[in-house]
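Pasting the structures here.
First chain A sits with chain B, and in the next complex the same chain sits with chain C.
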Partner chain A sequence: MSDLAIRTDGLTWKAGKSFTLDQVDLRVPTGAVYGFLGPNGSGKTTTIRALLGLLGPVGGKVTVLGHDVPTELPRMLAKVGYVPERPHLYQHFTVAQAIEYHAAFHAKWDANWAEHQRQRFGLALDRDLNRLSKGEMGKLMILLALAQRPELLLLDEPTDGLDPVVRRDVLSALVEYVDERKATVFISSHLVHELERICDWVGLMDMGKLVAEMPMGRFKAGVRRLKIAGVAPSPDSAPFTFLAREVRAPGVEEWLVRDWADGNEQWFAAQGATLKEVGALDLEDVFVELLRWARFDRRSA
Partner chain B sequence: MNGRIFGVMLRAQARYVAPFLALAILIAVALPLANLQGLDSAAAFRLDRAGLLLAQSSFLAGMYPVLALCTGVFLAVATWLPDVHWRWVYVLTLPIERGRMAALRLATGFTLILPVGLVLWLSGLLAAAVANAPDVVRAYPGALSLRFILAAASGFVVGSLGVLAGRKLWLVPAFFLLLVALNAVGVPLGFRFADLLFLSPLSPLHTLAGQWLLFDV
Partner chain C sequence: MFDRLDPRSPIPLYAQVADRIKVAIVARELPPGTLLESVRALAARLRINPATVVQAYRQLETEGFVEMRQGSGSYVREISGDLRAKEQRREAEQLVRALVKEAGDRGIHIDVLRAAFAAHAGATA
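And now, the complex of A and B:
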């Protein structure tokens, strides 16, 4: 088995004049729960559609579970469970028909598990799909994706718009499955705190570009906001990665840095500056700050 | 696996189009029997029974291709419309080659045409039995229903191509407008095209232009 469940090299796609996926190089380790973050319209859904071969010809190379996309699509899709952002199932089906239809296409379909999960989710077999609530539809889609026993789950905002109870049900079904099967999960969301609880890798998209990709630990732990008093030193020789600075008041600057480690305070003393405060950021702050930095960086370039 | 997929697709499709199929079957029952209209009173009015049967048959002949075309095109639209509505996302993320999926869809469509053709044949047999036609007149329920099935299948293919063409479908009326315009300036390409469309044995619409008579000499 490959070390990478998903690999894209220079993935590029243009939709008219307004939107472009620009040289996206994804590396999703096998067995990871990979959170794909980004603001609305940043290219998350488009990237997922490219992984599934739904976009037609794209630039660059896409490999999913060792299969080339799009030349080996059916073999790849047999191992991938997909939950799209918006419901995609035929609305004239009942729950029973949707399950029967989906099962027929998947050789590894686990009927017992599907039935158990259906009862647990409280989905009545004779309910028409066009009469399901948003939460029930979300449950059905995750049920279909998991009962096919996939090696990789591609989840595009699977809990978006769901109430907290349903969201918890859906996420716990997902976590149980991943725990049992050691499957890889690629989950996109703009709900940062939701991903913080379940992901061990993070990729950050903005304006069609992958602006950061790292283990969650590094994403959360290494980013700090520093408050510096006096004459701020040049960050060129710093033992951490300098991201951004902002002058708060005369003689007071705030820095955003990455790869912060204990003992780095001494570097400021050696530079003759006073480090007043080292602030940890929660994931949402990191997300916002990194986005801001990426955009600033692009504007400067 | 293919058989299972076909079975599931057929059941799903049959449920979806059941009301329309029921209507088509009802019309398929009624059309051959409508040939018998007026036969009871033919003797009373000293009309020729054979002539009456042939006249009724000719009068109804235009209805069969219309029913066949409507059946085929409607089934095609109903087959593909849910995918168009959901932008093909579900069907294209199922683990099956796209060509095989299209072939299975065509197969389910053709299969659903069969019951209508079968009912047309049975109704034609019944009409032929009841008509007590003179020796000069012969009934052709088998040929008529076979022609119906072929024409409906052609309608299904044409309807499918129309749906699959998506936004490019506007090219069809544009093409016809061009033919009309050419005709107006003395270039009768439209008639040649109509001949090609309906009379060429290679055209899927060829079956529509043939004989559709239940009773003939």
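And now, the complex of A and C:
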């Protein structure tokens, strides 16, 4: 058993001449709930499709649950639950038929659990899939993925477009499953707030590149927005990592820093500047700032 | 009890969860012997990572508020007068800090706040 549920080395893919995955090195620890963030069109769905061997030949190396993709694809797929961005189910099925159909493909299918969860979700057996609401379809998709009892779940925007009540039910079912099976979850979303509470790892995609990957604690905890009055010192000798500065008014600057630690305040006093405020950023702020700086770096590179 | 968890806060989520439970224990909302909600149930209800709940429960155990019984769950302990007093002081400080900050943001001078506090404390004494 590997420590990494997903590993890609130099994953690269070109579609036509426009879109690429560019040297993506993912490291998803076994047992992590990994939030795969990025704006629309940044390459999240393409990456997930590459992990599932759906893209055809790609550059670089992809290993999922210790299996090489694509040479060991069938063995890997038997252990992976996938919820695509758009439901792919046959529209003329009823709920009962869809469950039966999926059960046939999966050796570890848990029929009791599926039935129990179906009742909790309030999905009627005789409903036609083409009559399901978007929310009901979302619930059915997660039910079908979880009933396979997968070791790894790949969820592509699983709650996109669902109302808050359904989103809640879907995420609760997911959390229960993770706790029960110690499964790894790889969940892509542009809804940052949704992932903030649930994920313990974060990867951030932008324009086909993985621009950041780290434990959630580090992603959030060390990042601060500082308000500085007086003559702002040079950040070169600072005990934290300086990311950006903005002049707000004459004599007032705002800094964005990471790796901030208690006691760093004193450095400003020693430099003869006044630190007026230390503000925490939520995940969405960090996300926006990191994208801004990733893009800025690329322009200046 | 958990309706004000704030992922934006610099206080880690596990510490916020532990804090809420501590407040409930000290206020005897959760009397000694109460079985805390299981990790799975609480994580699912709050839609947070189960590891976060485990971490919160561990902290409560380390600080002497709960007792983990193997295979059974976490139970609220009988807490000593000292621990209760210490915890209440901590909570009081937390409340005052928030109040002073809020007053400062509104430009209310500390003396005005102090006078209001004295008047109110006098009225409810």
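Keep in mind that, in the parts below, the second predicted complex is superposed on the first by the 301 of 301 C-alpha atoms of A that agree within 3 Å, B and C clash if a C-alpha of one lies under 4 Å from a C-alpha of the other, contacts with A are read in each partner's own complex, and residues count from 1 in each chain.
As a working rule, contacts are C-beta pairs under 8 Å (C-beta built on N, C-alpha and C of every residue); 3 or more make two chains touch, one makes a residue touch a chain.
All values reported here derive from a predicted model rather than from experimental measurement.
Q: Could you tell me if A:E196 is touching chain B, chain C, both of them or neither one (first, second, both, neither)?
A: Second partner only, chain C.
Q: Quick check on the superposed pair: does A:F105 touch chain B, chain C, both, or neither? Answer first, second, both or neither.
A: first
Q: Between chain B and chain C, whom does A:V33 touch in the aligned arrangement: first, second, both, or neither?
A: A:V33 sits against chain C, while chain B stays out of touch.
Q: Just to be sure I read the superposition right, which of the two partners does A:Q97 touch: chain B = first, chain C = second, or both, or neither?
A: first
Q: Identify the partner contact of A:D163: answer first if only chain B is touched, second if only chain C is, both if each is, neither if none is.
A: After superposition on chain A, A:D163 lies in contact with neither partner.
Q: Which holds for A:E246: it touches chain B only (first), chain C only (second), both, or neither?
A: neither
Q: Would you please give the residues of chain A that touch chain B in one complex and also touch chain C in the other complex?
A: No residue of chain A touches both chain B and chain C.
Q: Can you tell me which positions in chain A touch chain C when the two form their complex?
A: It is residues 33, 168, 171-173, 175-176, 178-180, 193, 196-200, 217, 221, 280, 282-283 of chain A that touch chain C.
Q: Flag every residue of chain A that touches chain B in the complex, lowest number first.
A: It is residues 52-54, 73-78, 80, 82, 84, 88-93, 97, 100-101, 104-107 of chain A that touch chain B.
Q: Considering the complex alone, what residue numbers of chain B touch chain A?
A: 1, 4-5, 7-9, 12, 15-16, 82, 86-90, 92-97
Q: Going by the contact rule set out above, which residues of chain C touch chain A in the complex?
A: Of all residues in chain C, those touching chain A are 5, 7-10, 12-13, 39-40, 43-51.
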